[in-house]
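Labels A, B and C are assigned to the chains in the order they are written; within every chain, residues are numbered from 1.
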């Protein structure tokens, strides 16, 4: 049970002077029950990649499989596909359109033909993870604050409870408090439902905090795929393709250059603290 | 989306030609003169002159033929339809083919060809205008031509500004619509199911966000324009001023002559389609 | 030595407006602020702190409910001074797309000077100059929708520079950009500063705030604190209570200080931390 991409290539406007290779020879596999981050420089193909995974962008060549279900074939069951994978684009609050929050949340579920009991259950579950309150149900989505609208838009995708939840920069444009709310909600949702969350992100600190697996794209190709620790310890390669490393990792590397015996990688402030303290303690004794 | 790429009206093709350099005001007037001449043209000789003239202009503008042809592709079906319509409905001249109730007159075919040619020339020449003139020159030209009408209350500057902003945002809005469509599709929205009413309703998830976004953009843009000291057309100058030259007046003179020629041929009955029947 | 000119003087500024349920919302309460020529000031605050409202008072897009806002000696409530104020205080907004009016870059940069009624030759000069300063000269004939977010913002900045303002205000101008775009804008800001421009940056990004000469911390419409980045970031609880991040490196510094390994925790960058931990090298 996984998402598999086999020899996927995607070229926009092929055969014209505007043709552009968005994805080149991509082979990857994403297992279930984890949080995967997709990182890469601007224009590396991240957004294209996740859209291919979401069944929204057909590749020029190659195969895309989701739990052995083949996408992009003439006879592909689209309705089945929509139940398996959900996607929230950048600035998802720009897609809100319903009269009430409740209708916005139920939109996808109604389209799936679910019963009203199911719909209510799903809506409330989604609201719990997105920290939306019941009093909002009857209000218009456009009365909400920016942060609330964002959470609503994401909740409307979560409500459909897809096996694979894909989000393109879910925290774009939010302040630190807003980002925290979204990310902690996603983490909690994933922990409880054991589904797979795939997110595109530019914040290395967020990725370090949340991700189990990281996919690194550069110039349309998959440069690296591995655990968070594995990927961030290859900082020289990351920097070569225009990516930053999380601040704590950058510190570890700088200290190692000074001869310090610290790991190549620190996931957060606490890890960095412990590593530095142990060196300082040894130096003292 | 791909259909939109074929439309050449509205696109600009940069090149170093005499036509490109001409004053936008004169080009607009010349197009109008050409169109009037086209509708005045009354016979095969006139049409041949009009076609040759158009071809001459296309060559001087250094526009590749395939661009013009590509711009004609979307309307080919209209041309075909016009041809067929006139062929079967017009009853002038002599019958050249008959089959039970259907008869084709040679006059019908002629009229069909004439109408088709008109359409083709119309589209080609109009495309030529936008291909050889930058959007800002076009709107500046229109603004200048409409200025005399300010006296009767026509907001020439505001209209021109509206056009510029619309042209600027069309590609942006198309991109946004595309994104919205994808996002709603991802939520299970279907735009191909159901009858007319159902399909109309299914457009709401696209239209509502698009409109809201457009209004928001308008708000933001107005604020940004005010912040840059915009306060309407009064006391405003332009970096690119339209300057007329000898070529512009010559072009105007040539187009006027063309129109006079067409009118002459028509009213003096020197050239007419009847002659071919 | 005379102190630099006082360009912006804000006294007991309050701004009240009506909310959606007709309640009175005080977006700003008794704000006092002084900004001098050549300063790089960052106005830091979470969403809802009033920072964007404050920004809009700087060029009279909003007028005070109470108090005064003086720009280069001109009062923002003075109708006659409106356009002079807006020429002196240029503003770049958050959404890169919704500031660009024209169909090609150079025409958009010319928009401001055209509004000022300058002669065409002068406008042409200003546009070339502004594009060169911001490093976008090769894009002068490009259509804006084909540019990246960072490039669009740079075009917006060039459009302001062409008006030769005294102050450039960037109202969350990097909020919608990716890291590369943000770097481009910050580089443009550095260039402006090297030319002596006064810059006011409104943001919630720590990485941008650390470069300021002075930070003004806003919370619930009030000025909570003012000082150099080091001074302001010292107050951890204050920052956190306002919903703001502290750079991870500074958090680490505090932990090391509390554990007795370093004396001072006023560290804002990786380089500083390394220097502090390895003094001899």
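Following the convention adopted for this analysis, a contact is a pair of C-beta atoms (placed from the backbone, for glycine too) under 8 Å apart; a residue touches a chain by one contact, two chains touch by 3 or more.
Keep in mind the model is a prediction, meaning the values are calculated, not measured.
J.: Counting only C-alpha atoms to place each centre, which chain is farthest from chain A?
T.: B
J.: If you tally contacting C-beta pairs, which pair wins, A-C or B-C?
T.: Between A-C and B-C, the larger count of C-beta pairs in contact belongs to B-C.
J.: How many angstrom lie between the centres of chain B and chain C, each centre taken as the mean Cα position?
T.: About 44 Å separates the centre of chain B from that of chain C.
J.: Where the centres are mean C-alpha positions, what is the separation of chain A from chain C, in Å?
T.: That pair's centroid distance is 30 Å.
J.: Could you pull out the residues of chain B that touch at least 2 other chains?
T.: Touching at least two other chains: none.
J.: What residues on chain A touch chain C, complex-wise?
T.: Residues 41-43, 143, 145-147, 172-173, 175-178, 202, 205, 242, 244, 246-248, 250-251, 254-255, 258, 260, 268-269, 272-273, 276-277, 280.
J.: Spell out the part of chain B that touches chain A in their complex, as residue ranges.
T.: For chain B paired with chain A, touching residues are 176, 179-180, 182-190, 204-205, 208-209, 212-213.
J.: Going by the contact rule at the top, pick out the chain C residues touching chain A in the complex.
T.: On the chain C side, the touching residues are 20, 46-48, 148, 175-176, 178-181, 204, 243-245, 247-249, 251-252, 255-256, 259, 261, 270-271, 273-274, 277-278, 281.
J.: Touching residues of chain B toward chain C in the complex: what are they?
T.: Chain B reaches chain C through residues 14, 134-136, 164-165, 167-168, 171-172, 175, 216-217, 220-221, 223-231, 235-241.
J.: Taking the complex as given, what residues does chain A use to touch chain B?
T.: 51, 54, 56-57, 79, 82, 85-89, 92, 94-97, 107-108, 111-112, 142, 156-157, 160
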